[in-house]
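Per-chain residue numbering starts at 1, and chain names A, B and C are given in the order in which the chains are listed.
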Amino acid sequence: MTGEPGTRAEPIVLADHLSKWYGQVIGLNDVSVTLPPGITGLLGPNGAGKSTFMKLVTGQLKPSKGSITVLGEPIWRNPGLYTRIGFCPEQDAFYERMTGLEWVTALVRLNGVDDTEAAAMARRALETVELLDAANKKIGAYSKGMRQRVKMAQALAHDPQLLILDEPLSGMDPLARRKTIRLIKEWGRAGRSVLVSSHILHEIESMTANILLINQGRILAEGNVHQIRDLIDKHPHSVYIKADHTRALAREFLGHDDVLSLKFEGEAVVVQTGQPDAFYSRLTDLAASGELGAIHEVTSPDDNLQAVFQYLVKS
Amino acid sequence: MSAPATRRATPSVFTSALRIFDLSLGQMLWSRRSVFLGLLLGGPVLLAIALRVVSALYASGFRINGAQAAGPSVFGMMIWLLYIRFIVPVLGVFYGTSLIADEVDDKTITYLFTRPIPRRAVLFGKFLAYLVCTVLLVLPSVMFVFFLIVPIGGSGIGEAFPALLADLAMLAIGLAAYGAVFALVGTRLKRPLIIGLVFAFGWEPAVLLFPGYLKRMTVAYYLQALVRHEMPQDSAVSMLLQVFREVPSIPVSLASLAVIIGVTLWLAGQAVEQREFVLDQ
Amino acid sequence: MPIHDQGYRRYIGGKAPRGYGWAVITRAGIRTLVAKRAFLGLLLLAWSPFFVRAVQIYAAANLPQAAFLAPTPSTFRDFLGQQDIFAFFITVYVGAGLIANDRRANALQIYLSKPLTRAEYIFGKLAILMTFLLLVTWVPAILLLLVQIAFAGNLTFFQNNVYLFPAITVFTFLEITMIATAMLALSSLSNSSRYVGILYAAVIFFTQAIYGVLFAVTRSTSFSWVSFPANLAQVGDVIFRLPLKYSTPWPVSLLMILGLIGVSALVLERRVRGVEVVA
């Protein structure tokens, strides 16, 4: 496939048998993964290898084995690529004596931009993260949420094609989290690619359906969370049905071979089926006919990231 | 939200280094550490004040190496004992070994290494900032000492002024040389401070005593050749040094120091380019 | 009840009495350092003068032609002087980060939120540095004394110089107390162990350099009180009943040493706190 990296044709990150170890400790173990353009969530518990992967993607670490290309080029010792990449690291570290504006401007200048333009770009970035009012305050006086936002500002100030955000919501209050998640989604809609890491499942789920699951240095799964769920066909699909006559429904369900088990939870029945398509089709017919009473709610507790992750980790 | 920008040309090593210099100079100059080191450099000034007061009270003046000493001799002795043998190596060890290490400890190195600038530009920019910072700390101290001490015994400041300029240039070269050597130590070795102290206060004084080529593996051998003042005989070691001292010519010393600065900085730059910096979690 | 509670159970065993928290800090600190090969190498190197002296004592005791190498009280004084350089490097290696690293990691608050007093914390840290300093000063010096007795096969030297044992003990304890409190005080001033190390080197070498200038100008050793190494040397010579090198009265030197210990204690009292109030 040809085309500019970051377009629909080319992956933004391509890792090929990528491994990284620190002495005896394996940080990343034979990872081969392709990240498409758009927003990708990197998900895993603490110590899974997320930060190691992020550092390899941002060229801070050299692969012990294998290769990694970002936007079509190898990243290690390729500083030119950073004109197109913006990185928001996890650590809470700044030049505390500088103001937010001074700091972001100084970093933008390192992109080869002259002073006036750098200051303008810094202001725009601070405005985007709603920090313009505090731009002339010293970073040492910022709150945790403000510090996180000024970090994001320096990552996006130079208008990068790819944003890499390592735990961007850490330390933020709920309102700030919502705003940041909205911002990330906007960036994705505007044509930027975003790789965002977190160990909090519902945060990633609210940003994107495209995920990369990692645990103990290995990739568990990559792709759309719904597709991943569908592919786990050995694991029965749970369906939660709240209805007026749950026992009647249960008698009806037990007559079919695809229903593996069911249990009652208050006014609902939770069914485990090995053939979700066939089951949903029958359920739709039952709900339309109303012969077994009204069906008020149908959800699948499995069709979310938590269930997918927990299942994959256990297996 | 604007569309992604087209690629900008990345700045050259020189431009990048200058921008890092801009960023680092203020940090270095106004940090608490530099303020404290600046106060330390006030020690020679206080000493000069005390000596000036004493010389005013006691008309007999001072004696150096058994002979009546005029102000310029006392100034030269202070340049040797305080600046050449102590202040310049200490500043070189302290700042040189921490050029990159401070950024790593503070975890701010990530911001510099994820910019479209060569990593060695970060080192060069910080080295320049170190040089300017230390010269700005040492210069006033030396000048104060000069103006306080040289007039002792009736010597004229005007006659000795060209020598002051030569001393300032020599100290700046010394700061550059030690800074470059310890920048290399800082980027290549663990525990660079201890190794730096061993080099500056163990290896160099010891090796200078021995005849042969070993002394050419020091900065002090070439730097001390640029000092116009007579070496003081304050200890048995100094007297021994005086006996065995071989002094290269000034052009040879300057060329050798330039080579030392160039080679060590280049090697340090290579180390920074190739090394991975793993931050403490 | 047949089903046993699987939940959390309180510790009901014995607890050490209050006041021994410092020992936990000391043990942990020593274990961490002893696990480093580079540090063990430094300790081994610090013992090399001991082996040289032991050979000297053996030769003097067993070879008539080497009788001129026979130990005297100044042998032990000189040995301790030689160990100064190793004491310096061990102090920088061990001591620079003792409190500075805790400040960097914001661990002081955690330490002092435990049933641990500030005095215990400081003493625990002090004990780490003093242990290793004793290991390269007092221990080899006393061992040398024992080696002399063992190789000589009699107690003559010891009986004629019975003051050596208390002299070595008093001098080394004074020396390491001064060094350790000064280094710990400097370590409490910063969160960078590198900066603390250079500050310590500056205090030692700078005061020596200032004295050098004063001596060169005045040709008098009466300014030796300016230099802390010179003050220690002066007090050491008095303790070992040797001729004094400097014309500074030894009580002045002792006062400077005690003054430094006092100032260090004051600094530690001000700086070691769980919370720092920034105005």
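What we mean here is this: a contact is a pair of C-beta atoms (placed from the backbone, for glycine too) under 8 Å apart; a residue touches a chain by one contact, two chains touch by 3 or more.
These numbers come from a predicted model, not from an experiment.
With chains reduced to the mean position of their C-alpha atoms, the one farthest from chain A is C.
With centres computed from CA atoms alone, B is the chain lying nearest the middle of all the protein shown.
A separation of 54 Å divides the Cα centre of chain A from that of chain C. Centre-to-centre separation between chain A and chain B, using Cα means, comes to 50 Å.
Chain C has its Cα centroid 30 Å from the Cα centroid of chain B. Chain C contributes residues 38, 85, 89, 92-93, 96, 104, 190, 192, 194-195, 197-199, 201-202, 205-206, 209-210, 212-219 to its touches with chain B in the complex. Taken together, the chain B residues at the contact with chain C in this complex read 33, 36, 40, 43, 47, 51, 62-64, 66, 69, 74, 77-78, 81-82, 85-86, 90, 93-94, 97-98, 101-102, 105, 190-191, 193-194, 197-198, 201-202, 232-235. Within the complex, the chain A residues that touch chain B are 6, 22, 58-62, 77, 79-85, 87, 89, 91, 93-95, 97, 106-107, 109-113, 154, 158-161, 186-187, 190-192.
Here chain B touches chain A in the complex through residues 1-5, 7-11, 15-16, 19-20, 22-23, 26-27, 30, 106-108, 110-119, 273-274, 276-279, going by the rule given at the top.
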